[in-house]
Amino acid sequence: MNLNIKYFGVLAEITKCSEETLSFSEGTVGELLAVLQAKYPALGTKDFQVAHKQEIVTKDTKITNPEIALLPPFSGG
Amino acid sequence: MNLNIKYFGVLAEITKCSEETLSFSEGTVGELLAVLQAKYPALGTKDFQVAHKQEIVTKDTKITNPEIALLPPFSGG
Amino acid sequence: MSEKKIKNVFIEGPISSQFIGDSIAKHQSKKAIGAHAIFAGQVRADEIEGKTVSAIEYSAYEEMANTKFHEIREATFGAFELSCMHIYHSLGTVATGEICLFVFVSAPRRKVVFKALEFVVEEIKANVPVFGKEIFTDESHQWKVNS
Amino acid sequence: MSEKKIKNVFIEGPISSQFIGDSIAKHQSKKAIGAHAIFAGQVRADEIEGKTVSAIEYSAYEEMANTKFHEIREATFGAFELSCMHIYHSLGTVATGEICLFVFVSAPRRKVVFKALEFVVEEIKANVPVFGKEIFTDESHQWKVNS
């Protein structure tokens, strides 16, 4: 599956892009994060959450939707 | 002492005036109210508080200031 | 009690939405403020025993009311870390849909503004000698009692 | 979750005080309303390690944010007896002193509006993916974290 990974805030500064397309075999959020952290080691130093189907998910969530977002701490308002 | 008695809201409807001057020998709020209720019997049917020096007072407060106000339940806002 | 000058809180007639907007605008130069909370009381077209309220006519024991508003202001600044506070109340006739009470509190951080706003409004309702006469569409009236 | 249409809560740039005044005006024809409560978040000129914030640049995961705003709206209507609720949040640059969040709740009676207002604001702070980049006067920046 081709995933569309979106990066926000400080995470987009680390990846130097706001989104990218990544080929990913079936798996969990944790497995995807391992791939991303290999590509962007600095991600490991940051606090963030992962959204899948517009909900915050845990690492053992199985990815079934192509859109994944990496969200730093919220600071609206 | 000449007292200036102020009436508000429904009380002014009963007394048919918003204020009046009344000659009153020394005494308490309770004693003044007895005089007023003799003059306006319908006052006895109404719920109200008495303000003396811009504070709500009880019947045994001694009147030392010429301005007295009879206040029905507040309904600001 | 502080010796600060007692302000006049009363406005003749309704408080306009533009007045509220302008009050907000005046605080935009105060750059330590991070949160504003506003309460606006609007006259409801209540139906009471088949009659509908068309307006409320407000009167007040003005000197005492302004003293009480002042005491409420002092107590609120004592209890909550606020930057600013403004209170306006109508006197005279306010039609249904119009605003009769405007309370505005501002603070550096948001947490206090909700509590402070509620505190001020409840204190006003409980302690300020203002009297509302509900005028019905048939021109009869009754005296309002706060609940 | 209801099937109601998800609204777009975002406004490009600051929210003007006139917009807030106009929003109040629009509710004056709703004669069952007795109480409005408003929260306005204003960008503070915070000083951080000797540098002063001059603006916040907001970005958001917009689709998810609008879904979350919608869920907050539904939860608030479920928990409090409100007549109306409106939420607006800025995207892009909002200078210090300008307003970046506007929450507006209205109800027949006052008691619920304070709690509802606080609930909505806290839910937004906690659950909506909006990100603020604090721009300093020297053009350096840092990413804001809500407290």
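Per-chain numbering from 1; labels A, B, C and D assigned in written order.
The rule is simple: a residue touches a chain if its C-beta (ideal position, glycine included) is under 8 Å from a C-beta of that chain, and two chains touch if they have at least 3 such contacts.
Quick caveat, the model's predicted, so the values are computed rather than measured.
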For subunit A and subunit D, chains touching each: none
Most distant chain from subunit D by Cα centroid: B
Go ahead and note the Å separation of the Cα centroids belonging to subunit B and subunit C. 26
Quick check: how many Å separate the C-alpha centres of subunit B and subunit D? 49
Please work out the Cα centroid separation of subunit A and subunit B, and write it as a whole number of Å. 73
Averaging C-alpha coordinates per chain, one finds the centres of subunit C and subunit D separated by a number of Å equal to 23
Of all residues in subunit A, the ones touching two or more other chains: 77
Can you list every residue of subunit C that touches 2 or more other chains, as numbers and ranges? 41, 110, 121
Contacting chain pairs - touch in the sense defined above: A-D, B-C, C-D
How about subunit C: which of its residues touch subunit D in the complex? 17-18, 20-22, 24-25, 27-45, 96-99, 106, 108-110, 113-114, 117-118, 121, 147
Contact set on subunit C toward subunit B in their complex: 41, 58-61, 63-65, 67-68, 89, 100-101, 121, 124-133, 143-146
For a test of understanding, state which residues of subunit B touch subunit C in their complex under the given definition. 6, 8-10, 51, 54, 69, 71-77
